[in-house]
Every structure is written in structure tokens, then in C-alpha cells.
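Notes follow once the structure below has been shown.
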Amino acid sequence: MLHTVNKSSFESASLKICLGLAKSGSDILLIEDGVYGALAGTIHATMLAEATSAVSVYALGPDLKARGLPEDRLISGIKVVGYDGFVELACANDKVQSWL
Amino acid sequence: MLHTVNKSSFESASLKICLGLAKSGSDILLIEDGVYGALAGTIHATMLAEATSAVSVYALGPDLKARGLPEDRLISGIKVVGYDGFVELACANDKVQSWL
Amino acid sequence: MSETKKFMYINRRPPYGTVYPLEGLEVVLIGAAFEQDVCMAFISDGVFQLKQGQDTIESGMKNFSPTYRALGDYEVTRIYVERESLEERGLTEADLMPLTWEDEDDDWAEKPSIQIVSRTQLSDLLEEQDVVFNF
Amino acid sequence: MSETKKFMYINRRPPYGTVYPLEGLEVVLIGAAFEQDVCMAFISDGVFQLKQGQDTIESGMKNFSPTYRALGDYEVTRIYVERESLEERGLTEADLMPLTWEDEDDDWAEKPSIQIVSRTQLSDLLEEQDVVFNF
Amino acid sequence: MKLAVMVNEGPYTHQASDTAYNFIVAALAAGHEIFRVFFYHDGVNNGTRLSTPPQDDRHIVNRWSELSKAHDLDLVVCVAAAQRRGIVDPDEAKRNGKDSDNIAPGFRISGLGQLIEAGIQADRLLVFGD
Amino acid sequence: MKLAVMVNEGPYTHQASDTAYNFIVAALAAGHEIFRVFFYHDGVNNGTRLSTPPQDDRHIVNRWSELSKAHDLDLVVCVAAAQRRGIVDPDEAKRNGKDSDNIAPGFRISGLGQLIEAGIQADRLLVFGD
């Protein structure tokens, strides 16, 4: 199952709620303002860093670039994908849940 | 100065940000989904209850009623006002800041 | 359309502040005509949608809470409410509107639709679905 | 309109996810023509609006970040950024676009517009204003 | 007192438009003057006459039009925000080569300067949004 | 694969409409079928032909119309959500006594059943919103 999160973890509970319900083995894709959750060194980074042992976390590259977030600033273990990778993740998983 | 907060404290950082910037003696009015912040016995109730010693906290009655929140469920010290009270608060303070 | 899929409608937002809960409910009611395997989940601030005693007269908005009581007639009989979300908000099941459905296989006995489930149970239920809507 | 009022534009949202930052900036630029006493504050996710290196080509949106560099020409010379908001997000001043203005009273010397202030200082500044906009 | 109001969200989708309306009604009842209501961001969507809400619900657009008529309210829709979102009056339709317009009675389209002016002229500015 | 997409926010105001568009372009490039794009909530505002964004910005409505034409995309605007927000086609205008319509080329107005059907028929449903 693919979960997408499109809100900043600093302003919204979406990422936290997603992590609370995502099962081990799930894929999580951060898009739009959700990509701020991928930043290393923030007060929320531990929450996501700890989750990466149980789930695979991805961040949408075009949204990182729009916001000026280079890959070397991300929590280690987060994979960056493009829209094509987003499509692949949607197809590879049996369903997609958008945490808006 | 009157601060208004219209978001649920469970979903949004608005109330926390407002409390972080509101000076002692300010008025804070909870409106729309912000009125959930007035509920007693929640995981966030302490944050607002502690603030009531420094700031005056109000909640909009029509928004409480719409959401089925009776006054006896609110954090003690929170005053309930109607739209007329909202107007009075706006006029009694030198300016209004909406934390959206 | 002979397939039957498992549909879950997740409700995560409080009522009235936005139109999402009301328009979400409209999807559930229309969807009922398609005879799929349907359930609803109320989590986070979505649990406030089921709060008893909503009265919108003073705010001038439309009180759509009575519509939840009609869900049983639309054969939406499984309504999951996350226990942790209730607790975080200082609510108990007694704060919620009693929602029921009539079981035609049991002499039309009236049965409760709301099931309080843990976050772990809800996570399992979510995994079983084919299609998930989020309002 | 002979009065001069103190206007503060508070920016609390990240760029691109919503149009508020872009449309908020349009208000500031138009407002500059009214010769009021203007400042901007960037708090919470609003600090991300000033992040260096924004590149929207792949996402197809309009990159409006160069507009911040024009603020000095519009005589918006006081841009407050909350230190705590930067720290919570793992950012430092070096992550922000350098914004400057030219001081005509000082032989057009180029001076920095951004001032990093504490939450307490910002709270004091907020209290001094006459009109506060929030985008 | 002289009050100005800014509405930043469309009707129905967010409660902002309802709260602004109820606030203004209460302010008028208390004898205050409403200097202007400025619609920005999605707030411009309050100004379309093509809205037809369900009959058992409030008609937000008509409510604004009627309040404007009853109290001579100045309802200003921001032109830049309106162009993005497709709210046009006959002049704007002509200027942008559109074959129809959709502005509701009582609303007028103007620039952001009207908002700044409201901030300067009014004793208080209240912002309703999301 | 057969994909269905739901768009719940209007153009510009939220990025949802951009992300949905970019996702669909990538899915088509990868050879997938787009069963339907369903516009709900403020998403219905993607379907107004009266939008005129600044010239240096993308034209979101036209982009949808052009993609629909190029790939025979089924762009469905929910009738109930559209009535609340003032998005109408000629039929709806007549039915609701409106003097004009504003639907953009390539979009059609229909009921929520089209969304449920998309959920049933498509292999995946993707929701973009706020």
C-alpha cells in the first residue's frame, strides 16, 4: 500500500497520522508541502527517521527542487523519485491512500 | 490586541503559534474549528489552561453549539461570546490578528 | 460492473469548518446504490462529526448531522471510530450519536453501526480495502 | 489619506503548496505605493519562502522567489525572520536568499533587509503595529 | 467604529465566508460602519451569480448581495485573484476576450489598492480565511 | 494499468491540481490508461473557461482542456459541487435559470456516480487535494 502525504509536518498532523496507521512494509511518498518532512536536522526528523526501518520513504524530486531542498539535506534512507517514479509506486502497490 | 484562532489544535499549529506570540494581557478568541481547542480533558487542554493566567481566552458560542460542545465541557476560565461579543472584542482591542 | 470491491471512506476532519465532511457524506450516500462492500472510518478530528447535539441555528449553516442517522437505511452498517482519537479529544462513545441499522437476516433487529476500534485494528482494516476515499 | 500606519505582513506558509505566499507578496508590492510604515515577518513554515535555490521547472509552477529580491526597490527594507522557526526546521540564515536595500541617506549603500529576531522580539514588534495581514 | 473585513475563502468550502457575514451583521446591528468588504484569494468565489446551492441550505452569494443592497455595503473582488479563478464582470470579460461574465449583483471588481486603503482608513481590519 | 484520478482543489490556490496534472502526464507517457479524472469539492473550479492567469504563469484550465483533447481524457465535474460553486454548462444554466455558463472545453458535468464507477472500474484511484 502506498501512502502519500502532502502537508508540512510542522503545520499539520498528516504525517504523524499516516505513520500511526501505515503497516510495516508500506511505501510512503512525500509530495507538495509534505516534502518538508524529509528534511534532516529538524525537530520532527526523528519521527520519520525512526519510521524508515519499517516503511520505505520516498520524496517527490520536483517538489524538493521547487522548494530549494537539495538531496544532501534529507534524512538518510529517503529515496527521491520523479513523477514517473510516483506512477510506478502507485502501480506497484495494490492501492493508494492520500493523507491530505 | 485580539488574536483569533480558527483551526483545530489537533490538526494545526495555529493555536500553539498564537500562544507563542501573544503577549500577557492579550485577548484570544477561538472561532470555527478553533473552538475544539477550548475542550477540557484533551491532550492539548493543558497548553491552553496554562495560558489563561496570562491571556483572556474566549470561544464563539454559535461555533461551539454547531459542533455540539456544551459550555460545561470547556476548560474553566474560558468565556463564551456571541457574534456581538466578537464585535465588542474587536473594537475594545487596538487591532486584530487572525491566526489562520 | 459485476465486481464487488471493498470501499472505505475515511473521515478525518471536523464538521462545519470546511465542507469536506458534508460533501464526503454525499459520496457515501450515492455510493450506496452501487452495492459494494462499504465501510466508514472516523479518525482524528473526524470523530467530531459524530458528536451528539450539533445545533447550527445561530451560525446559519446547514446542520447535516441527522444524515448520519440515515446511513443504516443506505446499508452502511460498519462505522469504525478510532479509540485513540476519541481519547485524545476527551470523548467517549457516549458523546457520539447512536447510529443503528436493521438486520434483515435477523428479523429486522436494530443493531449498532458504530464499532470502536484501536489504531492497530484500523490499520488492519485499511490494509484489507480495495479503494480508499479520504474526506 | 494623510495618516501613516504601521503595517506588518506576516508570512506563515511554505511556498508552492498553496498560492497564499505568492498572492500575499502581490499585496505587499501594491501596498508599497501607499507609503505606509511597512515590515514583513516570516515565521513557522513561512521561513521556507526565503529558502535559497528554488527551482520550479520540473513541477511546472511559476517560480516567484526572485520577487523577494525586488522588495528593497519597493522600499520594503525590514524583513524579520523568527530565529526559533529557523532552528526548528534545521535552517540557518545562510539558507536564506540574501535580500538587500539601498539606503539613499547613506550614499545608496547596500544594506541587508533580513533581520533574524527572537520570538520575544517578534512578539514586541507585532504589538507595535496598527494593521496586520497574515498570508 | 469604522470596520473593514477581508474574506479569503470561497463560499461553502470553508466557514470563513459565514463567519465574516455573521460578524458584519452583528457589527451593523451594533451601529458600526463597514468601510469595505474585500474578497481575496478564493474569497473572490463569493462573487459569482452562477451558484445554486441546495434549497435546504443558505445561499451565500445571494446573502451578500442582499446585505450589500440593504446596507449599501462596498463588496470588492480583487481583480488579480479573480482573473486567476475566473470571476469576471462585463468589462473584464471584454478586456480578456471572454464570451460571458459571472459577477453577482452588489459586487465590483477592483485592485489590491482597495485593500490597502481599507487598512489605512478603517479603525479595525478583520481577516477571515483558512 | 487503468488509473482514475480525483482532484479536490481549485487551480492555483492549492498545488493539488498541478500534481494531478503532472501525475497524469507521466502515467500516459508510461503507457497507462486514464479511466477518468473526477473533479470534486473546489476541484470543480478547474473547469471554468473564464480564468485568465498572468501571462508568465501556467494556464491550468487550458492545460486540462488541451490534455483532454490530445488523449481523449474524460474530465468530469461533479454536478452537486459545481452547483454550490457556480460552475455550469448550458444545460445546467437552463435548468437553474442562469443567464450564462462557464464550463471549459473538454469538461463535462455529471453525478457522483461517475466517481464511484471510477473507483470500481479502475485498478487504482489517486486522490489529490488539500
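The letters A, B, C, D, E and F name the chains in turn, as written, and every chain counts its residues from 1.
One rule holds in what follows: contacts are C-beta pairs under 8 Å (C-beta built on N, C-alpha and C of every residue); 3 or more make two chains touch, one makes a residue touch a chain.
The shown structure was predicted, so the numbers you read here are calculated from the model rather than taken from an experiment.
Steps from chain B to chain D, minimised over paths through touching chains, total 1. Relative to chain A, the most remote chain by averaged C-alpha coordinates is E. Looking at which positions face the partner, chain E and chain F present mostly the same ones, since more than half of the interface numbers are shared. Pairs A-D and C-E differ in how many C-beta pairs touch across them, and the larger number is found at A-D.
If each chain is reduced to the centroid of its CA atoms, chain A and chain B end up 33 Å from each other. In this assembly, the C-alpha centroid of chain E lies 26 Å from the C-alpha centroid of chain F.
A separation of 38 Å divides the Cα centre of chain B from that of chain F.
Spacing of chain C relative to chain F, judged by their CA centroids, is 27 angstrom.
Counting partner chains per residue, chain E has residues 12-13, 15, 22, 41, 54, 80, 84, 125, 127, 129-130 touching two or more of them.
Across the assembly, chain B contributes residues 6, 10-11, 13, 32-33, 62, 82, 95-96, 98, 100 that each touch 2 or more other chains. Shared interface positions of chain C, defined as residues touching 2 or more other chains, are 16-19, 44, 59, 61, 131-132, 134. Contact between chains, as defined at the top, is found for A-B, A-C, A-D, A-F, B-C, B-D, B-E, C-E, C-F, D-E, D-F, E-F.
Contact residues on chain D toward chain F in their complex (touch as defined above): 16-19, 59-62. Considering their complex, residues 6-8, 10-11, 32-33, 36, 39-43, 45, 61-63, 65-70, 73, 82 of chain A touch chain D.
Chain B makes touch with chain E in their complex at residues 6, 31-33, 62, 82-84, 86-88, 90-91, 95-96, 98, 100. By the touch rule above, chain F contacts chain E in their complex via residues 10-13, 41-42, 45, 48-54, 61, 80, 83-88, 93, 96, 98, 100-102. Residue ranges on chain E touching chain D, taken from their complex, read 40-41, 80-81, 84, 111-113, 115-117, 119-121, 125, 127, 129.
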